[in-house]
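A, B, C and D label the chains in the order they appear, each numbered from 1.
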Amino acid sequence: MSEDDVPIEASTPVTGQSRMDAAWGSESDSVASVARPSTQTGQVFEQVYKPWDGTLNPRWMRNWAIFRHHLLGIFRKGHRPWGVPTKLFLIFVFIASMTDVALTLLFAILGEPGLYELWGVGRNNLYAHVLGFFPRNMLFYPLVAALLVGGVISEDRSNGTSALYFSRPINRFDYVGMKYLAVASIQALIILGTLMLYYFADILSMGRGWAWIIDTFPMFLTTMFCGVLLIVTYTSIGLALSSVSRGKFFPGIALLAIILGTKTLAAIVEGLFDKSILYLISPYDSIAHVGQALIGANMMYDHPWVWSLVSVLAFNAISLYVLSVRVSSMEVTRE
Amino acid sequence: MIPDVSQTGEAVEQQWVPQPKAPVVMLNNVGKTYGRYQALGGVSLALSGGVTGILGLNGAGKSTLFKLLMGKLRATQGEVRLFGTNPWKNPAPYARVGYVPENESLHDWMTAFDFVTTFARLHGLTRDEAKLEAERVLEFVGLTDVMHKKIGRYSKGMRQRAKIAHALVNDPDLIILDEPLQGCDPLARTTIMNVIRELGRMGRTVLLSSHILSEIERITEQIVILHQGRLLAIGNVHAIREQLDNIPHTIELECSDAKALARDVLSLDSVHGLQFPTTTKLRIFTHHLGEFHKHLPTIVVENNHNVMNINNPDDDLQTILGYLTGGSR
Amino acid sequence: MAKDRGETIWTALDRKATAIAEFTMRQYRTRISTWVVLGVGFLSISVVLLFYIDAMNTEIEAIDNDGDSFDSDGDGYVDGQEFKLGTDVYDEFSHPGLFNPPIQPEPASMYINEDDYDWDYSDARSVASTGYDDDGDCRESQLLDSQKDTNNDGIPCNIRIVFNSLTGEYQIFADAGVDEDPDEDRYGKEAQHRAFVLAIGKLGFVFLLSIFIPLFLATGLIRDEMTSGTMHYMTAKPIARGEIFLYRMLGYLGIVWPYMLIMCVLMALISGLLGPGDQFFRFADLGVWFSVLIAALLATLVYGMLFSFLGVLWKYGIILALPIAAWELGMALLSMSVPESTFLRMSIVGWSMSIIDSGALLVWPDMDMFTQAGSWAGGSNEGNSFFSFESEALPGHGALEWAQSDLGLGMGPYPTIIVSMMVLLAQAAFFWFIGQLVFKSKEIE
Amino acid sequence: MTYEWVIETKELTKSYGPHVALDSLSINVPKGATGLLGPNGAGKSTFFKTILGLIQATSGEGKVLGHDIRTEGLDIRSKIGYMPEYEALDNDMDAIHQVRYSGELLGMNPVVAMARAHTAMEYVGLGELRYRPISSFSTGMKQATKLACAIIHDPQLIIADEPSNGLDATARDSMLTTLYNMVHSGGRSVLMSSHLMEDVERVCDSMVLLHKGKLAAQGRIEDLKAIDREIEIHVWGSADELEQAMSQEGLEVRREGRIMRIKHDGEHTTHRILKCAAHTGAQIRRMHEYEASLEDLFIVIMERFGYGVKSSEDLLASPAEARRVDAPEHMGGSGS
């Protein structure tokens, strides 16, 4: 063969070099060098079949498992692995949401009634704890929702785990429903949890009596209700976005874009034409308006609050519709 | 043009000229580590021409090796040279390289024809040239009838072939195929194997990795065995086996009269042990496989034995790999 | 076939460039999310447009700024008429009906908006005197010349304007009865129109569209390919990674720029046709729209480069992009209130917005004056009007004040545009440069 | 519940719009191990999904373990273990938790699920690796984890889609052994699809062959192997000469690299081969009667359906050839 004398340069520092021949028909001059394995270990591997004859629990137990998987993932390993940035941010928001708790306690200890009145439980403060725009609904809660919903539906398709999970006796709607509940619960832990802390910190630190509690408790419950409304709305929109997209980030970004973008848009219109009606397309502002009406805080919008309520309901209805349509047509295979 | 900021020393020439005497692929003491984990350690290797199978278990460093060659990864030590050029610094050698990556993802939203055409144009072909080339390579891999359908609708084998087509479009001198046969049905596999053999026969350098040993064997005898990032063996599979002569080779013959055949075989120097598992079976131990096989047919024919079966249980890739890697995972 | 390819570097470059750019554009086109994002962008701008259309078709309620449509003494003659004819406004028994021949009372509506707004010149710094007493209550009144010249500039029945170089504002000294009751509708529509163009350009195009569209489209430009593993195909070709980055960007621009162009042309057409004015179409506004277009194109370019670079830098690049978007939001608001702030120099949105402000200043050189006049509101706002009514600024003035801002660079409009464009281009080049550096040193798994 | 067949379908059809994925399949799968074969895109995965009740069949009916696939999907899915084809694991979880969670999804309580997860991991041979994150696993370990997920509740029937895909020799070995043991010492049924015919041969007794959604063949593997007898030899050295010599001898030779197959032609075929070898000095490393493997069977059946194994001579004759002139010397030469 003529190629045999093709030189590999003398300077080429090659140790295991060899001139490779064409695929087959290789004749005499095969060169080879071999390195020996340093150790030789063997492995005897015996398989013992262990049958199992337990009974499987019914539907509610399976659903509980799904819920638990997602919720506990926030706290410990071994359940759904939420990303580290997400967890860090959740902690940050949890702490940041407790500024009013901290200030209440601080002023209660200092005994400054004037400052205390500024920070203690009251209509406007309860409203602000859940529905205030800056910073809570601009930087905290929508971001929390965005981080949580990002990929929560689409991950199963991108990981391929949907094929594994849906081969279990699980109903898709149960599966997504439990994810919904889990995501909402995590947000509730932050938003409603800190709200409760705030309320009880106030009672404890100021030694409030029953009269005060009876007086403010309906207001507190209303705020809780508004918080639930906020969580449900953000979660519905977020999960609907998560179900229509494949990516991990798209739903989060889209949720932020919807919440902040519509608000900016409405603000432009208000600035230019002095009309607040466009705030109806902003989920946050609609909820805030409903909250202002229910809690009794200062109204910041010109249109009737019932319109905002209708708008909030419409947001939820549309999102849940999209979600359920997507879920029922969900592919089980990997995309 | 685009400044090559990371370059050291002289500017990169635009008209890339391969170094004429350099081997197509050369690795000198190349290592790649990820933190504490060593994917490849001190591999030296030079290849030009022919089909070479890179063998190794999952995680042996085959893909790392290819990615180093394709400039996807930067070697933590040693030199990598593709046609004499460092591929991490300069993508010019890829004008002669076709690469079929391991991962299954493809641009599902385009047709195979568009896919191949687009990537042909990255070689500097015009639109029309690229279309011609695309038609040719797609024909070559047998996708002509479906080439205007979306890749997303292709089966695994078709996707694999589309990938190969895109790699062949520049008529490369070096073709690197990372697990090309994985997930293909027998028909597709046979087709792809034909393609690879064909390329080898044309004098192209083909590197292919696989862990389906019987298939490598059908394509080539030239192998490189990697294990845990180390180069374990390189060369002809039989030559490698022969070098490992401290373990006797076993040859099993099935014939009508084992004892009679044994008597004749015994005269050969290379035989150093015999065994009779059954009356019609003869097991021969030898240190010199080639020597023995050279003489065996003559003995059989001369003495008119009736040999039905010759089996060589040690002489396949699987055994070699098992032996070299010490049977561990 | 002897290849006559590779004649020059440029032809080969061009082939690769178009191949990747086309490829990228197709990729975008096949994704639903692209269309959703672009569609939502279109919808949001359209929503604001709807409000604009509505505002343009609504008559602004005329307000009697100087209050002379009242009949203070109840003699059946409104104050304006009495004043003009020299009878006593507060004396029931002194009115023009006692004249010989008696003069009939005029309807009150004649004394609303009776003094049209007419400061029709561009540079207030060279002309110090303006204003025309349309209703004649200064010119034709039987006052002495010295009484007609209450601002003491030697010219009766005019408005004297003094530019205060310290505050950068205008002081307005009007003779009594001059332009004291301007036309709200005329001023308001013009002000709203200008405010709309500016606000939609700055907040709509440069902020909303130019941040969110690249956020969705450009962040994954390189990163998505790297995560999905399809980048292997491209990097295995004889093409430098810096080129890949650049050409992918070209493909992105190939989608985004035409979109921005279409949006701008659409908005320019609609607002030009519907906008106030005597002409059929406001041709002059095209200049402003052109500057909006330039700003939006450059902003999408820079943001695209930046977000794409962040995507290359880190798998979770979008998490880095969010704080940047928040910073830009802050800068956008800052640029509308304090345009000379130094912080703006460290943003993208600040430079882009100054292009629009400059464009607006070139097309509407009377912008400062116009704003000031709205605030002056026929004098009613400063209390030096004849009747000294407590009154607000003219409608639309607030919106215009909000949307308009001065040039912060301390240069004229043309230098500002040129400098801003250069800076934006340099930013884009810088992000591309470090982007490709990072991309080059990235190991692709 | 008693049932004769593990899986039984009648005229099962599934179409996506105009595209027919399954075309009136009537399949009976007995107890024990069965291989489901077919080229890529034959509808194997669709078939699996249909019998799992994950997608609704367009028409026809089917029963799995005696349950109707249309109405009793939940019961079927409680009783089978499905091992998907593609990666189906959450890379950020530890293996043991992934397996446990998939057990919990069946309705096991967490304690039982954990215990069973340990057993299953042990059984598939990942005992000491179970606390490692899945992202650090090799393909073989991932496949084994998938199998562990499938067998955590010790199902009646294991459906494995391409279980040996992408595995190296050792991992493949243990995967197949595990499946084999499931059938032979566990008494479970296995339905597996594979591209590697050797795998199916090793584990299964019977097989079903699909092609473009249609049933191509069904039956016991033994019965289906009825192809001309051939003798296969592995030659080393002087292969060309040997081939020539044998052709002159009048033997019919098919050659594939250094492997040749000679059509069996009377008793003395082997002798004649050896004679040629002695003559040419070729070494015959192996010689044995070639049992038609499923792969050949597959190709034969597929050829009847109009497929062909494509050979290729045309790469060199292309316009691209002209570009090779600037190739370095040692590259340009030789060729075909």
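Methods note: a residue touches a chain if its C-beta (ideal position, glycine included) is under 8 Å from a C-beta of that chain, and two chains touch if they have at least 3 such contacts.
Everything quoted here is computed from the prediction, not taken from an experiment.
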item	value
Core chain by centroid distance, with centroids computed from Cα atoms only	A
From subunit B, the most remote chain by mean C-alpha position	C
Maximum inter-chain contact count - chain pair	B-D
Distance between the centres, which are taken as Cα means, of subunit C and subunit A, whole angstrom	38
Geometric centre distance via CA averages, subunit D-subunit C, whole Å	67
Rounded Å distance, subunit A centre to subunit B centre (Cα mean)	46
Of all residues in subunit D, the ones touching two or more other chains	237, 257-258, 319, 323, 329-330, 333-334
Per-residue multi-chain contacts in subunit A, two or more chains	3, 6, 22-24
Multi-partner residues of subunit C (each touching 2 or more other chains)	3
Parts of subunit B lying in touch with subunit C, wherever the complex brings them together	1-6, 14-16, 67, 70-74, 91-95, 97-99, 101, 103-107, 109-110, 114, 118-119, 121-126, 129-130, 163, 166-167
Touch list for subunit A against partner subunit D, complex	1-3, 6, 22-25, 27-28, 45, 47-54, 56-59, 61-62, 65-66, 68-69, 77-81, 155, 159-161, 163-171, 332-334
Residues of subunit C defined as touching subunit A within the complex	33, 40, 44, 47-48, 51-52, 54-55, 192, 195-196, 199-200, 203-204, 207-208, 212, 215-216, 219-220, 224, 316, 318-319, 322, 326, 329, 398-399, 402-403
Of subunit A, residues touching subunit C in the complex	83, 85, 139, 143, 245, 247, 249-250, 252-254, 256-257, 261-262, 264-265, 268-269, 271-275, 278, 281
Sites on subunit C touched by subunit B in the complex	3, 5-6, 9, 12-13, 15-16, 18-20, 22-23, 26-27, 30-31, 228-230, 232-243, 246, 433, 436-437, 440-441, 443-445
